[in-house]
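Take a look at the structures below.
What follows is chain A paired twice: with chain B in the first complex and chain C in the second.
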Partner chain A sequence: MLRIHDLHSSYGLAEVLSGISMEVPDGTLVAVMGRNGMGKTTLCRSIMGLAPPVVSGGEIECNGTALGGLPAYRRAQLGIGYVPQGRHVFTSLNVVENLTVAARSEENGNEPWDLDRVWELFPRLAERKTHRAGQLSGGEQQMLAIARALMTNPGLLVMDEPSEGLAPVLVETLAERLHDLKSSALSILLVEQNLSLALRLADVVYVVENGGIVFHGTPAELDGSEEIKRRHLGVGV
Partner chain B sequence: MLTIERGRWLALAVVGAGAVALPYMVDSFYVNMATQALYLGLFALSINLIAGYGGMVTLGQAGISGIAGYTLGIAATQFGMSLGPALVVGFLATIVVAVVFGALAVRTGDVYFLMITLAQGMIIWGIAQRWTTVTGGDNGLRGIDRPGFALEYWKYYYFTLGVVAVCTLLVTLITRSTFGLSLKGIRESEGRMRPLGYNVTLHKFWAFTIAGAVAAIAGLLLAMFNQFVSPAAVHVKASADGLLMSILGGMGTIAGAFVGSSLFVVVTNYVSGYFDRWPTLLGLIFVLTILFAQDGIVGAWNRLVWAPLLRRRGRELEAERTVVGVGGPLARGQPVPASTSNVDRGGERAPVPVGGSPASNAIEDKVDREA
Partner chain C sequence: MSGREFVLHTLNGFSLGALLFLLSSGFQLIFGLMRIVNLAHGSFYLVGGYVGLTVLIAGGNFWMALVAAALAIGVTGLIVERTLLRRLRGQPMPEVLLTVGLSLIAADLSLARWGGDPILLPRPELLRGTVELGGVTYPVFRIGVFGLGLLVVGLMWLLHTRTRIGAIVRAGVDDREMVAALGINVEAIFTGAFTLGALLAGVAGVIGGVFLSLYPGADGEILLYGLVVVILGGLGSLPGAVVGSLLVGLIDAFGRAMVPSLSYFLLFAPMALILIFRPHGLFGKPD
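Let's turn to the complex of A and B:
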């Protein structure tokens, strides 16, 4: 689905990603972990074609199409859904409008998304249809941000720290919803700081440190490596 | 039973009936004022479409609107075209100019957009002022006809009312379409629209062009009403007046454009007859609006009268739902059990069930809401 080869990305003179290579195979959930400032969001923005940063080298391929140089809206049309960090829903639009504005039919073999399917996945949003997104709680906004990305009928969903700022019980709900999504043939790139969430959901985990990949393996391998967890994720210090 | 939705239709029906009955109730002076309020309202609506919905504040819309009036005038007086074809030529010429100006302006945003549209408007004004052989310079162009069926003041009023009503309906449909929604999204954040697959620049361009078409209609109505066009009609002051009406009435609302234009026409035509300092009054109204109701008269009305009504109605509906047992989060507002509060205060780490009890659910939800 997504293949990244030797990606370099920088803000001005500061290179944030220095040679990242990774792969999201069809229908899998790949988690990218790492501490703050290690380049996780930069990775998401580079995949999505959002500037800044500037991609200074390397290749990104989605379904065999090279994304280099394509504007963000073209990448979205190629089937990449994006859930930005900090949610960023349209606060002045209501829930239905937030979803309708994103709706796009895309033939990619997956079951198409519409409002009814969204209400099924997120019953809470159905209760708040006519509320302005600005009035929703953080958890509801996160659900809306995910639902909005789904309405573009993506083949790949790029999620930038969806659990950030959510209360533990809502992270639990989020995990269940992501698990539902994972079983629907959607490929997901999940950037996370929440170790247990990533370990539970991911098929493959990458750990980023200072703009490079320092670990690549299954969740079980990561869980077993106290060294990686301690040094690169700050767990158990 | 009078529901809110029905109340809204009733209000529209009353305004519509009043507009139709107007020439039977007042004399020509007031009917002509109403005609002006209508075409100026349409002009303000065209500004509102790009500024209020699309978030692009323009100071050049009178230039675009004036292209229509001037082309009509030139076609009619210099080339001796009859009114029908001259109107079509005026409309098409305006679309062409809007396309060119739009292509230049929509690449920018914010204050840069404002400056470029200001410059574009001034170019039109400069041509109107200086190209005297074609535009008549300061003297303007005389001899623009009204349609044969709408020569008298009251007939022209009805003609304007009909045209403006149709255009307003079309603009309303556009603002309620997915395209209108995408404009609101662009106003809120271009950066959020792109990753959803929107070619933001193209959408802004379409909005600019559609607004240009609406402004063209308003410009044609103005030229036929005055039977005359002059550089004053394309001056930056005319653009600023339109923006002023739009802001006074309420950006991002359809009714706001007409409320704003009516207020503007009343102050400039009626109040000015009794009060020499009417520009000061207009300025004062504007300052008060910006200080106390930045969303304009219609916005303030929605906020202070309409929304509370809807909220009350919404609460009634929610109460009905709760009674039959649908929706409504569990345990909201229940007293917090002591054990859970202890954990929160950082006491001993008592084992908390994963997933949370209904009560802790409510707490987390509340904490999250406040965050």
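Let's turn to the complex of A and C:
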């Protein structure tokens, strides 16, 4: 689904990603972990073609199409749904409008998304249909940001720290919903700081540190490596 | 102030407000959506008026003048956006300088072509008489301007709230980058908004030519009013443009009548207060 080869990305003179390679195979959930400031958001923005940062080298391929130089809207049209860090819902639009603005039909063999299917996945949003997104709680905004990306009928979902700022009970709901999505043949790139969430859902985990990949393996392998968890994720210090 | 004077100034305020809405609804849309302060917007207005004048001299009627100005300035806006502004996207200072340069060129060419004397365009046949309103004899044309303002407010409101394009525009004012990341070509939306804004400025120019006359410097004056409307109402908000236009129209009408020596003060004092206490405007959102 997604292949990244030797990606370099920088903000001004500061190189934030220095040669990242990774792969999201069809229908899998790949988690990217790492502490703050290690380049996780830069990775997501580079995939989406949002500037800054500036991609200074390497290749990103989605379903065999090279993304280099394509504007963000063309990348989204190739089937990448984006759930940004901080949610970025359209605050002055209501819930339904947030979803219909994004709606796009796409023939990719997956069951198409419409409002009814969104209400089924997130019943809470159905109750808030006519509320402005700016009035929703953080958890509801996160659900809306995910639903909005799904309305573009993506083949790949790029999610940047969806659990950030959510109460534990909402993180649990989020985990269940992500599990549902994963079983619907969607490919997901999940950037997370929440270790237990990533370990529970991911097929493969990458750990980034200072713009490079320092670990790549299964959740079980990561869980078994106290060294990686301590040094790169700050767990158990 | 007598009751009749009050009615007169109110009517003046509303009709000037309607003209300002035609001008500033596009200006604030461009400002809110593209974050471009289009300082050539006043030139769109003045040159629109002169295009109308040219049509009238050539024997056309007022309505032909109105349509010609709308089309000519709309196409001008389209070309400016596609060929010039697009190259400078995301660089606020060069964008502003470009629009200043265009306004200077337009002002000089207009002076060379149409001279420095104020020119008052004739009212259309259909709207030539006067009516009695609340004890005041009032020109039908100004009532017509108010009607046109209401019509455009209505159409813009439908476009804004009832269409997908309108929802995309509102989403774009909230978060342009996210709109693009959903697979929507924001550039095309920008071009459309800029063209529509220019077209409305051209229409406003012909109407302004009837009610305020055309002269060198009218471009800058009307732009200043447009800026006050946007600052009072807020960026990218349709209700803000409506309320801001009416407020500025009424303040101007009453100010000129009651304390003529302070009329600019009365216009800019509220603007200064808004900038200090509510910098995002009455209806805008904080960034």
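Everything that follows uses one rule, which is that the second predicted complex is superposed on the first by the 237 of 237 C-alpha atoms of A that agree within 3 Å, B and C clash if a C-alpha of one lies under 4 Å from a C-alpha of the other, contacts with A are read in each partner's own complex, and residues count from 1 in each chain.
The criterion applied here is as follows: a contact is a pair of C-beta atoms (placed from the backbone, for glycine too) under 8 Å apart; a residue touches a chain by one contact, two chains touch by 3 or more.
As the structure is a prediction and not an experimental result, all values here were calculated from the model.
Superposition of the two structures on chain A shows chain C clashing with chain B. In the superposition on chain A, A:R148 makes contact with both chain B and chain C. In the superposition on chain A, contact is made by A:L166 with chain B only, not with chain C. Once the two complexes are overlaid on the shared chain, A:G138 sits against chain B while remaining clear of chain C. In the superposed model, A:E127 lies in contact with chain B only, and not with chain C.
By the touch criterion defined above, A:P84 lies against chain B and chain C together after alignment on the C-alpha atoms of chain A.
Touched residues of chain A, counted separately for chain B and chain C, are more numerous for B.
In the superposition on chain A, the residues of chain A contacting both chain B and chain C are 48, 50, 71-73, 76-77, 82, 84, 88, 90-93, 97, 100-102, 104, 148-149, 152. By the touch criterion stated above, chain C contacts chain A in their complex at residues 164, 167-168, 170-171, 173-175, 177-186, 285.
Residues 178, 181-182, 184-185, 187-189, 191-200, 314, 327, 354-356, 360-361, 364-365, 367-369, 371 of chain B are the ones that touch chain A when the two sit in their complex.
Those residues of chain A whose C-beta lies close enough to touch chain B in the complex are 48, 50, 71-73, 75-77, 82, 84, 88, 90-93, 97, 100-104, 127, 130, 137-139, 148-149, 152, 165-170, 172. The touching residues of chain A, counted against chain C in their complex, run 48, 50, 71-73, 76-77, 82, 84, 88, 90-93, 97-98, 100-102, 104, 148-149, 152.
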